[in-house]
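Each of the next two complexes has chain A plus one other chain: chain B in the first, chain C in the second.
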Partner chain A sequence: MDSEPFLISFELSTITMLILGIVGIGISYFLAFKRSIIVDILEPIIMSPLVLPPTVLGFYILEIFGVSGSVGKFLNHFDLKLVFNFWGLLIGSIIYSLPFSVSPIIAGFRAIPKSLIEASYTLGKSKFHTLLKVIIPNAKYSIISALVLVFSHTIGEFGVVLMVGGDIPGKTRTASIAIFDYVQELNYKDANISALILFSIAMISLIFLQILKRLQER
Partner chain B sequence: MKKFLVLGLLAGKICFGATITVAAAADLRFVLQNLTALYKKEYPHDNFKFIYGASGNFYNQIRQGYPIDVFMSADTRYPELLYKQGFAYKPRPYAIGKLAIYTTKNMDISNPKSALLKAQKIAIANPRVAPYGIAGISTLHCYHIYNQVANKIVYGENIIQTAQYVASGNVPVGLVSYSLLLAPQLGLKGKYELIPQPCYKPIVQGATVIKSTKDEKASMRFFNFLYSPQAIAIWKSFGYGIPR
Partner chain C sequence: MMYINIKTRLLNLKCTLNKSQMLGILGPSGIGKTTLLRAIANLEKADGEIIVDNEVWLNDKISLPVQNRSIGFVFQDFALFPNMSVLENIAYASSKEKATHLLEAFNIIHLKDKYPNKLSGGERQRVAIARAIAREPKLLLMDEPFSALDRSTKHFIQDKIKQLSQEQGFYTIFIAHDIGDIKRLSDFIFLVEDNKVINTDEFEKESINI
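Let's turn to the complex of A and B:
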C-alpha cells in the first residue's frame, strides 16, 4: 500500500486544524457576544458547509479560483494557481470544516458566565487580555473539541478534495480518494487496510471527544 | 544558496529523468502498466503518475488548469476540442477500442440482446463524460431495446467503475471496454463477449500533450512512444484496433 495519500491527508488535516483553530477563535469571539443583524446573517453563512453538498462548494471554488474564475484569473498574472494543488485542497478544507471549528467554540464562549468577563473588564483588563486570560482558558474544552473535529472531518473529506484537488498522485490524492481508486481497481486488500486506518482514526477522535465531554461535566 | 538549489534541481532532472503525469481514460488502466514497463526499458529515468477517469471529466479539468502533461482520451472529440481551444498540441489517435458485454454470473451472454433484456440491472458508463458509455447506449438503441431496459441501467462514473460494478457481482451484466476484460484482474472473474461492430461507432481514442506541461521534451517522448511498433504490439494484445 502507498503511504503517500495518508501523509497528504495528515499534512492537510494538521494545517487546516491549526488555521481553523485561530480563525475559529477569531470568528467565534466576534459572533458569540454580539446581538445584531450582522451576526444573524453571518452565522448561517459560516454554518452553510454543514448542509451544503460538497459538490456545491467544489463547484464554487473551481468557479472562483480556477484559471477562468474571477480570483483565479487575477492570480494567474502572478503565476499562482489555487486549484489542483495543495493550496486548493487547503482552501477547500478550510471552508468545508469552518463550521466544525466555529460551532463548538461559539457554544463554549457563550457558556462562560458574563459576570466573569465583566469582572475582568472592571479590573481594567483590555479586551484582548480578557480573551487570552479569561475567555479562552474557560472555553478550553470547546476549543480542543473543535480542533479534534476539524482534524477528523478534514481526514474524512471526499467530494470537495476530489473536485478541487483532482486526484493527482503524490499531490492531491488523499487517503479517502485513494480508497475510491483502490476499489475501482479491484484492489480490495489496500482498500481494506486504508479503510481500517481511517475508521480507527475516526473512532479514536470520537472517543477522545467523549472523554473531553466527561471532563467538562465534572 | 538559492541558485545552487535551482542548479541542483536542474541537475537532478537531467540525471533522474522526468516525471510525466498522464490523465488517462479508465479503459487504459491495465494496458498502460504494460506499456510503461516497455517504455521504461528504453527510458529508465522517466517516471509516471497516472490518473484514471472519464475523458469528459479530464476535459473539463484541463480547461480549469489541471496540471498534467499528457491526456489520453477514450475518444478524439475531447482532445480535438482542447487543441482548438489552445490548451493542447495537435492530437493523434492511438488505438480503437471495442465494447464487450461482461458478466460474473452464471448466465448466457452469447446473445447479448437477450442477455441484456433478461438482466435485472445493466451497468453502463455515464455517456455524458465517458465515450464507452456513448457506445453502450448506442448498442441498446441498435438492438431496439433502449426503452425496455432504460430503467435498469446503472451508470458508472467511468468505464472501470462500471466494470467493477459487474466484477463485484453487484450488477449482473455490463457493457464495458474489451481491453479491461483482457486483463486477468477482471477477465478471469467472469466471461465476456464482443458486441458486434456495426452496433456502435468505432471508439477511436486520441492522445495529446497539454501545452502547460512542465517538461515538453519528456511528454513528447512518451506521446511519440504511443505510436511506436512496440506500443502497437501492446495495443493489439489488449484487443485494440490500430488507427491508420
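Let's turn to the complex of A and C:
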C-alpha cells in the first residue's frame, strides 16, 4: 500500500484545520453577533457546502480558479495556478469544510450570556480584547469540536478534491481517491487497509467529540 | 458634578448628583428600571444628556461608546467570567494588587482562587461589586446589587461601598426593591411611578405623613 496519499491527506487536513481555526473564529464572530442584511445573505452562502453535492462545488471552484476562470485568468499573469495542485486542493477543502468550522463556533458564541460580553465592555475593554479573553475561552469546547470536525471531514474528502485536484499521484491523490483507485484496480487488500485507517480516524474523532460534549456539560 | 437627563422608551430620569452622592431607583418590576441603567451605560439606545465631571457622555451630537464611559456595572446575573478565578475577574480591568486590596476590603480574600461556579449567590454578588469598583469608575451602576445578601453582609457591603465612594469620589445609581436598602444608602430616590427624584430625607417625611 502506498503511504503517500495518506501523507497528502494529513498535510491537507492539518493545514485546512489551522486556517479554518482562525478564519472560522473571525467569520463566526461576525455572523454570531452582527445583525444586518449582509449576515442574512452571507450565512446561507457559507453554509451551502452542507447541502451542495461536492461535485457541484468542485465544478464551480474549477470554473472560478481554473485557467479560463475569472480568478484563474488573473492569477495567470503572475504564473500562479490554483487547480490540479496542492493549493487547489487546499482552497477546495477550505471552502468545503468552512460550514463545519463555522457552525459549531457560532453555536458556542451565541451560547455565551450577553451580559458577560457587556461586562467586559463596561470594564473598558475593546471588542477584540473581549473576543480574546472572554468569548474564545468560554467557547473553547465549540472551537475544539470545530477543529476536530474540519480535520476528520477533510481527511475523507472525495468529490471536491477529485474535481479540483484531479488524481495526480504524489501531488493530489489523497487517501479517499486512492481507495477509489484501488477498487478500480480490484486491489481490495489495499482498499481495505486504507478504508480501515480512514474509518478509525473517523471513529476516534467521534469519540473525542463525545468526550468534549461531556466535559462541556460539567 | 454629574448631570443626567435621559429618556428611554419607558422612563425619563433627570437629576444632578454631587461627588460621592447616590441615587436609588425604586419602582415595580417590568417598568424599565434595568433598561434605564443600561441606557446610562450605553448598552441600550437613549436620547438626552449625560455630563460627568464636565465630560459629555451623551447629547445631540455625542454618544460615547460604553468602553469610553468611566463606569462600573453590577449586573443582575453578576456576569462573572467563568473562565477566570475571583482574583482574575477583579483584576480584569485593574491590577492584581488593587484586586487583592478590594478582596480584603470586601472580606472575600479567601475566595481569590475560586472560580465563579464554586461560589454562592451572595459571594458572587460581592465579587461583582468589587470588580465594578476595581476599575475606579466615575459612575457606579448597580442593578439589584444586594438581593442575594443576608442582612449583616448587606449592611457591611453597603458601608464599604459608601466608604469607597467617599474615598474615590464616584457617583452611584442603583436599583433596589428593598426600601430599607435605598434609604440606608442613597441621598436621592427616583420614584419611578411618580417620575420624580426626591431627597431621601424628604421621602422619610412623606412616608411618616402617609
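Going forward, the second predicted complex is superposed on the first by the 218 of 218 C-alpha atoms of A that agree within 3 Å, B and C clash if a C-alpha of one lies under 4 Å from a C-alpha of the other, contacts with A are read in each partner's own complex, and residues count from 1 in each chain.
We adopt the following convention: a residue touches a chain if its C-beta (ideal position, glycine included) is under 8 Å from a C-beta of that chain, and two chains touch if they have at least 3 such contacts.
What you see is a predicted model, and the numbers here were worked out from it, not measured in a lab.
By the document's definition of touching, neither partner reaches A:I106: not chain B, not chain C. Once the two complexes are laid over each other on the shared chain, residue contacts for A:I91 go to neither chain B nor chain C.
With both structures placed on the common chain, the touch criterion links A:G124 to chain C but leaves chain B unconnected. Once the two complexes are laid over each other on the shared chain, residue contacts for A:V83 go to chain B alone; chain C is not touched. Once chain A of one complex is fitted onto chain A of the other, the partner contacts of A:V183 are limited to chain B, with no touch recorded for chain C. In the superposition on chain A, A:S115 makes contact with chain C only, while chain B stays out of contact range. Looking at the complex, you find that chain A touches chain B at residues 62, 66-68, 72, 81, 83-85, 166-170, 181, 183-186.
Contact residues of chain B toward chain A in the complex are 21, 26, 29, 49-53, 61, 63-68, 158, 160-161, 164, 167-168, 185-186. Those residues of chain C lying in contact with chain A across their complex are 41, 43, 66-68, 70-73, 75, 77, 79-83, 92-93, 131-132, 135. Chain A makes touch with chain C in their complex at residues 113, 115-116, 118-126, 133-134, 137-138.
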